[in-house]
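Two complexes follow with chain A in common, the first pairing it with chain B and the second with chain C.
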Partner chain A sequence: MAQISSAQDLGSGAASAAAGPRLRALLQRHGREIVLPLVVAFMILLFSLISDVFFSVPNFRNIGVAAAALACVSFGQTFAIITAGLDLSVGATVALVSILSAFAMRNYGISAGVVAALLTGCAVGLANGLVIAKLKVFPFIATLATMSIISGLALRLSSGVPVTGVPNAFADLAYEVILGIPVPVIIALCVLVVAALILRYTRVGRHIYAIGGNEEAARLSGIAIDRVKLTAYVLSGFCAAVGSIILTARVASGQPSLGTSLPLESVSAVVLGGVSLFGGRGSVIGVAFGVLFVSILSNGLNLLNVSSYTQMMVIGAALIVAVALDQALTRRGK
Partner chain B sequence: MVAARGIGKDYPAVRALSDVSLDLRRGEVHALVGENGAGKSTLIRILSGDVAPDQGTLAINGTDVAFASPSDARRQGIVAIFQELMIVPDLGVAENVLLGAEPGLGGVLYSRRQAERTAAAIFERLGIGKGIDPTQPAGRLSTAQKQIVEIARALVLRAPVIIMDEATAALSEREASGLLRIIRQLRSEGVSILFVSHRLDEVRGIADRITVLRGGRHIATLDASSVADTGELISLMVGRSISELFPPRNRDIGDIVLSVRGLRRRGAFDDIDFDVRAGEVLGFAGLVGAGRTEAMRAVFGAEPPDSGRISKRGEVLSISAPRDAIAAGIAYLPEDRKDDGLVLSMSGTENVALASMDRYGPPGLVAWREVRRATRAVASRLQFRGQLQSPARDASGGNQQKLVIGKWVLSGADVLIFDEPTRGIDIGSKAEVYRLIHELAAGGAAIVLVSSELPELMNVCHRIIVMSNGRIRDELTEAEFSEQRILAAAFAGHMATTGAAETARWA
Partner chain C sequence: MREQIAKLAGCAAAIMLLAGGAQAADKVGVSMPNIKGPWFTPILFGISDDAKKLGYDIIIQDAGGYGNVDKQVSQFSNLVVQQVKAILLDPANPDSFNGAVRQAKAAKIPVVGAGSPVVASSVEADAAASSSHCSIGHELAKGAKSLLPNGGTIAILAGPPGAFWASDRLRCFKEDIANSNLKIVAEQTSEQDAAVALSLANDFLQRFPNVDLLYGADDTYGVGAGRAAQGAQKCGKVKVLFAVLGEAAEEIMRGGCADYVVAQQPVLIGRTGVQLADKVAKGATLDKKLMEIPLIPVTKANLDSIDKPQLQAPKGWTP
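Take a look at the complex of A and B:
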């Protein structure tokens, strides 16, 4: 009996020894990319079993519309974080863009509003980039400070009250559906594709990775560090502006309090999505799953009547787990 | 003292060690040698408690032990000193020496005076006397002095076993011989030392016994006295005999390519004049901190000089950033590959292409197919043996060095400044780096080689400039090469200043 079991142990041991290292190597290299989609799939399965409304086209549209703005902002945040930076001002940017674009739209029409939105986003990003690259202020402090400045500006311009008079045609966009897909989702998917292409197929995209991976080596390879950082923050501001357009359409007004939870949520989505806070690694595809994780979690918890306060606690905890996991993987990968 | 039996360790996709045994006797210096990837680092990480072995046992004084962590190993008397020194630069020397074992009342209060006395006593015992001031911030110490601080720390713990990983790699010959003297002193006090080094002459000089690893296996343990010459060790390490570590020099020297005049930066270097010709390898000798690296980084624009003129083929260049130097065809291969040369998280391909992306495809975009084709061509020319598509982190030291060289070959640079290109890489890779240097020179490139290894300079260069304390002290042509003359010049500037004399006393 003992002999038989030991022989069996040997057999299974040999099999796992063959599969073990390969699986471990795979996990070590791609762990960040593989784990999250599995978690998201598991979450979908779980909520489908618990709630009978969850697994339905209308609810998926809800999730999509709710996720779209966060997705745009997070894709922008990705650029900043891959340079080993951070953009905490995204929420305030969304608010300022919302106010200014609502003003512009009320007075000059929808396209003027959209142009104003995108220009504002780029301008904020440029300011962030200049403070970080030229004045050498750490991104954390720099964007924490600009967050306060931008937020103050938004409240001042709007006197703290919503800017009304946004054209109905614009507000309707948030609920328009093309080929069964809500317009905000289509916008977010466009931002995703463009961001992925920039990171993969443009020089500035690769330089963003190089700077995040090793700034000194990048500098000694002749890369213009300042210009690349500037670009990363402008892209972040631009994406935040796109996110703001979606949110502004949804609330049909310019809101000075829009996006206050976005700094936390976008950083969570980016880090959950496998982008290293130390810079140099990660992809927007991963971030898209991070966004799905945050949005599906909050949708599912809503359906289960979990209060939004409790949801805040859950997201905070998820962020800690994700960073701890990242640290563990980094340490082992060393 | 310490016995390791049948140690095995698997990493994902690679077997780092299999069935390796090693025993360390009381009061012996035991050298561990092998090429990169031979398993030396894994073995010492196991011995120092950093990783746990998959097979085999460790025993101290005949009792089996298992270490939970490096601090566990320290408590049991094994202290490892790694190349990356564990020094807190902002704390004082004495505090660093006593880090984690601070003297004072009841383990709560800290007595600075007592700490400084203890540190001074240990330095005295090591024969350094007042060479290191226990009250100064540790960040101001030289690499050699920092190592002394780490050794002192081991002595505070009364560790009977000290593991030293490439302790002399970052030191000039003079500093290294000072360290070796201290090691002999420790041995006479009964401390056992496991000494890992790439410098084989040094190993033969200091070790009582030598263990050779190759490909994760134990090849031999020899009495140092029975080893006839370095060649014997080399052939054991590489499994074949390397008749020629240094290939013949390129004999086709052309016109002056790079010309530097009056280069100066306050507090770093002054009055630096030199020319390099096409096909020539110009060496820079000197102690660590002599200003060689600083001067070369100034030529490259990494830290621009206060004044001076740099010209290439007669044309004066204005270099204020590395970009300008790269555009002029000047390349710099930094001393520290991992910190300054490579983006470890990026693929080999991208590291090689990093300085030349502009040359492929439409402006602003990355033409991956062309980039891959070009980098593959460079990699095969350099005989890069890693995976180009995997992160540079995964490549061995020698292959990483080839990625850095490849970056500049691809960029088309014809002035290449190598700063300590063979530090920390194995002999096989060294020979290849020398071959590449000569190949580049034969192709018409002008080469500057900054090195702390005299044999390397004397066997690779056509001409050697010796710097000391920020100035050029001597220049030797191939016929004049002599170890004494170089060392004398290397110390010339240091003897003049006070305090440095004491550094020299222990060195």
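Take a look at the complex of A and C:
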């Protein structure tokens, strides 16, 4: 019996010796995709053990509703970052869209408000795209500048005060559930599916990856760089508008200061989700896990009564760890 | 290395489990747009102190600023999920809390205004402890008239953009001075930050060197205005008027660079709020749902005679 045991040990030792390099190779190739879902699962387990209310349907609904707007904005941010760009104006876009859609809804009804929201988001994205593609301004500077312009415009149009009078039927959307799933979560899932389809199965999606991977090579292979970048930023603006619709319904008013934390949170979610800041790599599914990470972390820490100042530090530190990990995996992959 | 990581994770989990397991008392939730500064800190001190006496643990949720309405709504929903006994709320914007407060009511969790007479624009609070913001505006107008009996010009540091408390104060202030010989020559909203307020007040003094009075929506703005007057060596010449008497405001008033402060009693507001929450949570009937906490006009003349423990948290206390 003892002999059999040692033979088994030897066998398992050899197997684990063979599994080691295989595991390492797997981690090198798919590390970004594998690590985060595991971390999210670990967080769920940990918070469930610590908090008696974390693992409950009302709390998961809560997390879903809180994450929905961030998810939409982050999916849009993904398009910009995969082109090796960045959209820092997403928070200001959310505020402007909130103000204009609230005005439109108050005066012309919900449909007009939603149309105004989506058009505004696309217009801001188009403006960003034009500044970046045609004026050749770095995305960081371009969107930082448009953030200031758009934020000022939102405050100017609203005179700095919330726009009230949003129809109740619209505000109630944020609290309604269909088949047990909150409406904002359903909207975010729709955006996820559409964004994933665009990136994976359309020509523009492949061109977005190509530009982010190597812009010069993409240009030489005949890709219309400017047009693709414009599309990426319009998609980012559109997704920010959808996020703004969710938030506007949630706060039942147009808010000129809505979404101030979204630039940091969306970039964090995208980078944590495995999208490379240097472009050309990543997926919206990964970003969905990035959003879950940020939202579950925030919810769990809130349930544990951890101060918001500490939470800010934790999210900042998580972003640094994610980028450092990305760098390490990139170096190993070379 | 792997063993060390496993040990560390185990320790972290054990510590967190112990921390979680220790919370046995009933909980009261507190949702604020901000927890720093001379207004929120004393309110939270009052709440914490009386909650302890009543046997509650408190869970404080800080949205991190008036701009983060969506975050405050989410945090409020978190408190509902935690099934706290009651929630004390100062909403960044009452219009945004209708749905969330209805959720709390559906979960049979009473919602009490702490520092705000309302919790949501179309859902009534179960109780509230507050000073009316409009009354503060009226008191500020009285102060302006007493400081400038022969009339004069006013520059307004109006408070954070979008903050209903600041707009309410200013609206009622304007109503009262409308038919007087006091004229507003400048008005700006800005972040609730003493440095930003100082820059803004400096700009006002540059643009209107003969302005007679600087109005601050609260003492963050008031202290900025006072320091700007001090920097321009115009203390006493340019009058400074604002609401809330924190430690910095008191210091600047002693230095002669603040002339009239409408002091609220935030510690008392916090104490009263948590007492009301306790009563409502226990199903007691309240004589009055809205407890209006009196305002105290303060000038250098009566500064030493007012009851500070109801105005300020003990030195060094943090939430």
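The working rule: the second predicted complex is superposed on the first by the 317 of 334 C-alpha atoms of A that agree within 3 Å, B and C clash if a C-alpha of one lies under 4 Å from a C-alpha of the other, contacts with A are read in each partner's own complex, and residues count from 1 in each chain.
Here, a residue touches a chain if its C-beta (ideal position, glycine included) is under 8 Å from a C-beta of that chain, and two chains touch if they have at least 3 such contacts.
The model shown is predicted, which means the values in this text are computed figures rather than measured ones.
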Taking chain A as the common reference, can chain B and chain C both be placed on it without clashing, or not? Answer clash or fit. fit
For A:202, decide between first (touching chain B), second (touching chain C), both and neither. first
Regarding the shared-chain residue A:48, is it in contact with chain B (first), chain C (second), both, or neither? neither
Using the touch definition from the top, say if A:253 reaches chain B (first), chain C (second), both or neither. second
Output check: A:217 vs chain B and chain C. Expected answer is one of first, second, both, neither. What do you get? first
Quick check for you: in the superposed arrangement, does A:281 touch first (chain B), second (chain C), both or neither? first
Tell me which touches more residues of chain A here: chain C or chain B. C
Figure out whether A:303 sits in contact with chain B (first) or chain C (second), or with both, or with neither. second
Once superposed, chain B sits from chain C at a minimum Cα distance (Å) of 20
If I apply the document's touch criterion, which positions on chain A are contacted by chain B in one structure and by chain C in the other? none
Sort out for me which residues of chain A touch chain B in the complex. 21-22, 24-25, 28, 200-206, 209-210, 212-214, 216-224, 280-281, 333
Which bits of chain B are touching chain A when the two form their complex? 10-13, 300, 302, 321-323, 325-327, 332, 334, 339-346, 350, 354-355, 357-358, 364-366, 368, 393, 407
Of all residues in chain A, those that touch chain C in their complex: 46, 49-53, 56, 58-59, 62, 65-66, 69, 155, 158, 160-162, 164, 171-172, 174-175, 247, 250-253, 255-261, 299, 302-305, 307-309, 312
Please give the residue numbers of chain C that touch chain A in the complex, ascending. 13, 16-17, 19-20, 35, 59-71, 73-75, 77-78, 80-83, 93, 95-96, 98-99, 102-103, 121, 161-162, 164, 167, 189, 319
